[in-house]
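Chain lettering (A, B, C and D) follows the sequence in which the chains are written, and residue indices restart at 1 in each chain.
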Amino acid sequence: MVEILTSQVVSGLATGCVYALIALGFVLIFKATDVVNFAQGEFVMASGFISYTLLIRFGLSYWVVLLVTIVVSGVMGVILERVVVRPIMDAPIFSIVIATIGASTVLRSSAGIVYGYDVLPLPTIFSKDPIRMGVLSFTVMDAGVIGSSLVIMMALYLFFTRTKTGMAMRATAQSQTAARLMGVSVKGIFSLTWAISAAIGGVAGVLIAPIIYLDPNLGVIGVKAFAGAILGGFGSIPGAIVGGMLLGILENLSGYFFNAGIKQVSTYILLIVVLVVRPSGLFGAVAVKRV
Amino acid sequence: MSNRDNRAPGPPLLTVDGIETFYGSIQALKGISFEVPERSIVTLLGANGAGKSTTLKSISGLVAPARGSVTFKGQRIDRRPSEEIVRLGISHVPEGRDLFPELTVLENLKMGAYVRTDKRAIQASLERVHARFPILAQRRAQLAGTLSGGEQQMLAIGRALMAAPTLMLLDEPSLGLAPMLVEEIFGIIREIHASGTTVLLVEQNANKALSIADYGYVLETGTISLAGDSRQLLKDDHVRRAYLGQR
Amino acid sequence: MAPRTAERLRVSFVVAAAVVALALPNFADDYIRHVAARLFVYALVALGLNLLTGFAGQVSLGHAAFFAIGAYTAAALAERWQWPSALCVLAAAFFTGVVGYLLGLPCLRLSGLYLAMATLGFTFIVQEMLLQLAVITHGSEGMRVKPAAVLGFTFDSDYRKYYLLLGVTVVMLLFARNLVRGRTGRAFLAIRENERAAEAMGVHLAQYKTIAFAISALYTGLAGALSAFLVGFLDPQEFSFFLSIQFITIIILGGLASLLGSLLGAAFLVILPELLAGLDVWQALVYGLIMVVTIIFMPFGLSGAIRRYRYRWFGIGVEPVIPRRLGH
Amino acid sequence: MSRRVDILPVLAILVGVLVLGLSAVTLADDGITDKEVTVGAGLDLTGAVANRGVNIKAGMEAVFNRVNEAGGIHGRKIKLVAYDHVYQPPKAVINAKRLVERDKIFVMMGHLGTPTTKAIMDYLGEKHVPNIFPATLASIWTNSGKWHIGDLATFADQTGLIVDYLVKERKFKRIASFYQDDEYGLDGHQAGKARLKHQYDRAYAVEVDYKRADIDFSSQAAKLKESGADAVILQAVYREPPRLAEQCHAIGYHPLFIGVSAIVLDKTIELGGKHVEGMMGVEVYPLPTDPGAFLDLYRADMKKYFPHLALDTTNLYGYQKAALFVEGMQRAGKNLTRDSLLKAIESIKDWDPGWGLKYSYGGDNRRVMSRAARLVSVKDGKWTKASEWMELQETGRK
């Protein structure tokens, strides 16, 4: 019993880490630019297809593929920001959200047209063989996903606290006017934010696609991640991480104790309960502005 | 103290010539012209809504004037984005401080030096700021949002100093501060000026402002209605009635 | 343009619209009648959602759930207790309104994205309940719904369904118009602009917010009930969060806080896919592109664009301006 | 001050758009001329099960293209008009009306999805438009009356076969069910439950469900392992079984996985690799790689008309539907009407298109063309037959 529970928690944590990465993408963009990017899940999907193409069609090695995928995803984020979001940056936030929804439709159906709607397996370096450590039993894949996610999160943390650009990004999120007065190019920061968010989404894609397989509708996972971000308190980076991980674990445990239906809604029941008690999520301090 | 002559001494550091600035369809500035001589303190006086803050924003590039020109060190700077103007040596301490509340005091100061690359020079500036504002050194790890009003104003000025500016634009530095703190802030402005920085000061507290300034301009509904040596202005009837609360 | 000319233009528009709307079914086939009826269903939802989101500023992604509740309530009342159709529809709308009121209560403290997410959660939970309450809803088997009948007159053809929906939509449109022009509408707008200021002006926040939820849910429940009779089959999978997002898309593409926008948005979302139907797998791509381009060129939606060009070409009204957030 | 726009003008605009947009009404008879027959299909081309829709459409078109190039049937070419219903019943209704009213289809064929087809069945019946071989193996199509006719052994019947095999041949005591929590998964799940109860007086060792969008089955794996089931019946589509097998293996649980025909795809093996080795399934028509003249034709047609699509059971599914339809058309002769077509299809008996599987109309109470099925299993990374064809008995859901 203990063994089963712990393995549930570990594999839930693995899924949760991926939610957390996607949630981070949402939160970074929101913090910096006040925009909710509903195409975040499509970054995950697209990066899966990019790495599939590089691995299978071009036969590149895994690490090269990872690197190229991250860069290409980042570029895609910048393009989306420039083409879709920047022209209407001053418009009501709703309109921007709908524009990103439109963009996500475009990305999704483009993938469908190019790759078809059949699912594709994405190779990975992590095997699906079991590992046993005392009461813990999990797969190499679980460990790999959790480990990689933690590395990414750590790298982001260092970037935001230790580098000048990271500090400028945080500063811009707090006051665009003051940041401009310090000589920060706010538009440059915006582009960079979208690039980073999309790149994180890209990592999430490379991690999750081998597990759940690739298909144009993969981006739907973004909805769960969004719920995780809200649970943690939208606009809070630790909130996004904790919220995402919590959801992954909660899903698995409720799936184990109840059925698939409860598993699906447990996320939202928890979310509603938390919001009723804490209207701005677990870590959210200030009310969300301008929505 | 510097020259108190009526005419501007030497070449002007900043020349504002006939700028008109709009917010949407509302015209905030209707043709403002003035000069800020090198190494002087110049103050802009005026009632709320006269266009003082807008003038500063038009200089620092936060808003773009629709007409007219701003010249700094002989270069046109209107139509340039803020981030370039900062690099040229203009630091703007905005009204209400506009600190980064969730960054620490030290990080706020570092952000002030964002455009500079010489690490050693930055360190030197940091030491100077810490020497001038010991409280900022004490609270370096504290979040800026948790400071008191006076400390926040000091941080805002300290942050601007970190850019090692030639010209500092100060917008209502005494707003909302206790009288003792106001004294302190004005002392600091004097010191900054003494160390070679030119200051353009916007103040509601006309008495105090004119007492430290070399030269003053009075703004009324988007135009300059009066200009002159600060001692003259202090004696001017209109100024006394309208801005010094004297009859 | 002289106000009199504007007024004349307006009246002629109304008359033309009425004539076309009334005459359409006689010149169209069942397909067009059905699509038009579907359009009216979406227009009803959009009116309700716009009252809540556009006017009162409360974002909801829970309207697929209200739609489902309305649809299933009407279908269950008709199937199980053989209630007369008119009563089924009214009861379903009323019941959904009550559910909306109750949902509004815990949501009072929430705003913005948090409210959107909580209501999205509501959508998921209701959809799951449709499966679990199989005794009433037939669960995943789906539920067949017999055509509505009022006093022996059966709305069994698309021709009749069209007029039924047209009638209901016009009535609800006029009701919404009176609502937004009156005290309640002003209170909604005040809440949207600034909650604290609205409270200071004497608007009872909690009361008006829950009222907004209730009315909005009522519209959506009504639409759901009519949709059940229109389509004749209910399947729980239909009422997913995608539907909620579609509803929000309607009012934003149409124009927030605009009744005209609700109708235009519904027309956009119902008709566009029909126009693109021959495009096979390219359909979604073109649809998405049109959506993005529409928003980029009409950030205030279709009704905003109409306002703009009405001002530019005829000098009527005011031009919607986007306040700059970023400077240059 | 601006006045709010009056609402009624809007009606004018939108109805105007509607009229303009949908105006070109073409007049024709009910989908048949001496030169052409129009076949309609409502499919999911971009939604949740788009992979099926796209492939089924391609399979049907491959047959029609070949037939048309050869001059058609009795001089009539076959035109397929397909619309995307995104797996949504209301949209399926709109599409059906468009197909019937506007495109004047002769028959509806290969309509995809159980809920979507249920939503249009009454309408098609009213309009006397035959609903031929809907792309759903739900048991409902076998007894829905004159205008509806299914093609292959239903999931319910297939599950009956699976249960019999597990109990009688493998002598398994504990049998679990892993099913998709919707109408698709429940059909076979319930039938299996009924079969176990009525035939063998047993129950599932455990019943575990999942949602179509689920990505992690570790909780399902844990529950299956705890039940100690020897075999797990999969009422799933092809993407879940590999993942489930992986996660069961990760916790050291190795039951026999056996599923209905929906899992018998090359994709299942491509996704699952070594984890699906030994997995079993039921198939209701031969594999795309099997020998046979009909399959050679299929492979050639697919290569010719849809070279970018991989050969797979999904497009073969559409292909055999179209082939059956063409056979019906042949039999109906020159005087083709909807009634004569249905009669012709009903007359099919022991017809083998050339792949070893014979089609026979099942009778008015069981309106299917084939009740044949056989077991297959994954051996060395390939689906391999594990039994001969057999006629399935009817297994109800109750």
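The working rule: contacts are C-beta pairs under 8 Å (C-beta built on N, C-alpha and C of every residue); 3 or more make two chains touch, one makes a residue touch a chain.
On a predicted model such as this, the values are computed, not experimentally measured, just so you know.
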item: Chain pair, A-B or A-D, that carries the greater number of C-beta contacts; value: A-D
item: Most distant chain from chain B, judged by the mean position of its C-alpha atoms; value: D
item: Chain nearest the overall Cα centroid; value: A
item: Whole-Å gap between the CA centroids of chain A and chain B; value: 43
item: Whole-Å gap between the CA centroids of chain A and chain D; value: 35
item: For chain A paired with chain C, centre-to-centre distance based on mean C-alpha positions, whole Å; value: 32
item: Geometric centre distance via CA averages, chain D-chain B, whole Å; value: 75
item: Residues of chain C engaged with two or more neighbouring chains; value: 131, 281, 283-284, 323, 327
item: Chain A residues counted as touching two or more neighbouring chains; value: 109, 112, 177, 180, 261, 264
item: For chain B, residues contacting two or more additional chains; value: 62, 81-82
item: Chain D residues within the chain C interface of the complex; value: 2-19, 21-22, 25, 45-46, 50, 54, 82-84, 87-91, 93-95, 97-98, 100-102, 115, 118-119, 122-123, 181-183, 186
item: Touching residues (chain side chain B, partner chain A) in the complex; value: 60-62, 81-83, 86-87, 91-92, 94, 98-103, 107, 110-112, 114-115, 159, 163
item: In the complex with chain B, residue positions of chain A that touch it; value: 164, 167-168, 170-171, 174-175, 177-185
item: Contact footprint of chain A on chain D as seen in their complex; value: 46-48, 50-51, 53-55, 181, 208-211, 213-216, 218-220, 222-223, 225-226, 238-239, 243, 246-247, 249-252, 267, 270-271, 273, 275, 308-310, 312
item: Partner chain A, residues of chain C touching it in the complex; value: 59, 106, 109-114, 116-118, 120-122, 124-125, 128, 131-132, 241, 245, 248-249, 252-253, 256, 281-285, 287-292, 295-296, 299-301, 322-327
